[in-house]
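Below is one structure, written out as structure tokens, with a few remarks after it.
Chain IDs A, B, C, D, E and F follow the sequence of writing; residue 1 opens each chain.
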Amino acid sequence: MGTVPLLQDEEVSAEALAVFDDIRQVRGTDFINNFWRSLAHDPALLHATWERLKVVMAPGALDPLVKEMIYVAVSTANGCSYCVHSHTAAARAKGMTPEMHGELLAVIGMAAQTNALVTGLQTPVDEVFRAEES
Amino acid sequence: MGTVPLLQDEEVSAEALAVFDDIRQVRGTDFINNFWRSLAHDPALLHATWERLKVVMAPGALDPLVKEMIYVAVSTANGCSYCVHSHTAAARAKGMTPEMHGELLAVIGMAAQTNALVTGLQTPVDEVFRAEES
Amino acid sequence: MGTVPLLQDEEVSAEALAVFDDIRQVRGTDFINNFWRSLAHDPALLHATWERLKVVMAPGALDPLVKEMIYVAVSTANGCSYCVHSHTAAARAKGMTPEMHGELLAVIGMAAQTNALVTGLQTPVDEVFRAEES
Amino acid sequence: MGTVPLLQDEEVSAEALAVFDDIRQVRGTDFINNFWRSLAHDPALLHATWERLKVVMAPGALDPLVKEMIYVAVSTANGCSYCVHSHTAAARAKGMTPEMHGELLAVIGMAAQTNALVTGLQTPVDEVFRAEES
Amino acid sequence: MGTVPLLQDEEVSAEALAVFDDIRQVRGTDFINNFWRSLAHDPALLHATWERLKVVMAPGALDPLVKEMIYVAVSTANGCSYCVHSHTAAARAKGMTPEMHGELLAVIGMAAQTNALVTGLQTPVDEVFRAEES
Amino acid sequence: MGTVPLLQDEEVSAEALAVFDDIRQVRGTDFINNFWRSLAHDPALLHATWERLKVVMAPGALDPLVKEMIYVAVSTANGCSYCVHSHTAAARAKGMTPEMHGELLAVIGMAAQTNALVTGLQTPVDEVFRAEES
């Protein structure tokens, strides 16, 4: 169990239930995953998080699958087990193949390695990489 | 300056110079960025890192631009300034538009936020997200 | 299980038992949580950690509840599950209400998000934020 | 310089300028710090971030100074230099004394240390710390 | 379970099985730990990771036990539970005594603490620590 | 500059100056590096940190050079630039050769990579790695 209990539909406030309803409608499923059930203890935080997530993860200049893989990459670097599980599942639901998953992991691992090497070497940033002052 | 000096072409070993030559040929430019110049103190490590990077970042199930954006995401989560600079520049060179950059940052920020919320709540992983035992 | 077994009272050294006794007296409970039982394998490290913790978490310019919430914030950012659990429980014992917990999580999440945005943008520090040289 | 140039007032979109104006009014100063000037490249992200920050950092169950110190703690654990600078300055502006700053750092350092010890020991969470299932 | 099932010998590709065979021969045991079984979903990544690990962890200027303890230190700082477990076990197999384990943890904890203090203070690097330009 | 000014000898309290004197005597040099000068704003924190560092880094079951390399490894994983610089310099002063530095970096990079792969795969810990309950 977490630091707060998971709330069932009949235990949450009206504001939280409205968010659950919107999640169900947007995702086309009755299933509400544990993140939202634990966040429902603070309906305002639940609402703000869900509203923002909808905007950020919507199709735009980047397609939703690419966004999910970026989400997996950040969650992996941050060491968030729950998030790695939930966004890997979401990426699969959006079309990530085993080959894509393997390459995603390979890039994440490569980046982690060179991040560490650069930090150990304290390599100074090349001037050419810096944005010019406007 | 870093923890080691940046090595110029005339200061590196033959093994390291061969890596520099391959970087120049693969990238079609004479420019060698500082990461490789600092890594050249250990030619074997330089060689292994470059050889692996070529494989990992090559076109595959994911296209190179997507891979660069994943690299930026990991580097940002790991707080590696040099890496954020160099891979943001690389992503731009591969076609990342300002709109894509904005969405990349928005997803990174969203993921960092929900990673923190999940960790603070210690939300247990939904059974449905776990891979079934083979 | 951890990387070392949890030690029961009858298994620890005299030095470690003296620390357990002091923990019991200071906290007014017979309960010794697992952190101290795993740390008891190294009595000197156990002793130094407990002695320092007592000083750092004592009332001072900041009150103990504020200190516990700061502890939760750091533990969350560092992704330490045990620490998030134990210090969230400690904060509750010191008076953290559900409303305060919700706001604590909201600030942690907001900070994680803007930390990530700043790192992705590599925003330079404003001169006005730097301490002047004495 | 960062990965994007800092935008001056005359370079930003109308939507971004409206956010700058609101920042100025809420804070009672004409000064816009670099974070917002770099974020102004994506007016929608700028707007969403500022609107959320206003809500999260407003007085509530926790007072604004406590929230700023929590922000400093998270930023320190995440290694965000800019954020440590800007939120330490903000905490001072809200009344953080040198004694409070010293205690804040002592708690952050203590937490970082025990986070690392717990992770190295892989101490299992005490049952008593887990929230009971509702 | 993880984000992928653990693969048994009879489920993996010929390329992956060859890696398993080499692991068994190099380590002198029939046991294949879970990391390799989950990585076997991507035989090329499995192969590259194992080949590189053999080189990096081999005796050299640093002895294998020191390398394992450094591996434990990095894994602890990165919050990787699996890695802390597996490399602590490996260090013990290579001769790490309880006293050495205690000192390893003490150094890790001390470093984490002063890392946090330095980051909170944003202490500028002493010129004498920087490598001179070649 | 940092979040606090660096304090010169004539600006610190008597308690802080006594710590500076002890640092000078123990290290056999008149040089006080910036970390201690920024920490001197809180003499009690300065004193506690230095006293503990002396104990932790003293020769014991691990030799001082190994301890310094572990310190570099943790500092690198935590992304602390100052600490990477200062402890790399300290390791060199204690005998770290370029070959040892290269191997240290290679292990740090390898660990960072496999930490990331394990986290992305969410590999479950092998039962054989867990300490048996006492």
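The definition used in the following text is that contacts are C-beta pairs under 8 Å (C-beta built on N, C-alpha and C of every residue); 3 or more make two chains touch, one makes a residue touch a chain.
These numbers were taken from a predicted model, which means no experiment stands behind them.
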Smallest number of contact steps required from chain D to reach chain F: 1
Graph separation of chain A and chain D (steps between touching chains): 1
Centroid comparison with chain F (C-alpha atoms), farthest chain: A
Of C-E and D-E, pair with higher C-beta contact tally: D-E
From the options B-F, A-D or B-C, the pair that copies D-F, where over half of the contact pairs coincide: B-F
Distance-maximising chain from chain E - centres being C-alpha averages: D
Rounded Å distance between chain A and chain E, as computed from the means of their C-alpha atoms: 26
Rounded Å distance, chain A centre to chain B centre (Cα mean): 20
Chain D: positions in contact with at least two other chains: 1-4, 6, 45, 49, 52, 74, 76-81, 84-85, 88-89, 102, 104-106, 108-117, 119-122, 130
Chain contact topology (line, ring, star, complete or other): complete
Parts of chain E lying in touch with chain B, wherever the complex brings them together: 1-8, 11, 48, 52, 55, 130-134
Parts of chain E lying in touch with chain D, wherever the complex brings them together: 72, 76-77, 79, 81, 84-85, 88, 104-105, 108-117, 119-122
Residue ranges of chain A in contact with chain E within the complex: 79, 84-85, 88-89, 98, 101-102, 105-106, 109, 116
Residue ranges of chain E touching chain F (in the complex, touch as defined): 1-4, 6, 31, 33-35, 37-39, 45, 49, 52-53, 56-57, 60-62, 66-67, 69-71, 73-78, 80-83, 85-89, 97, 99-100, 102-104, 106-108, 110-115, 117-126, 128-130
Sites on chain A touched by chain C in the complex: 3-4, 41-42, 44-45, 49, 74, 78-80
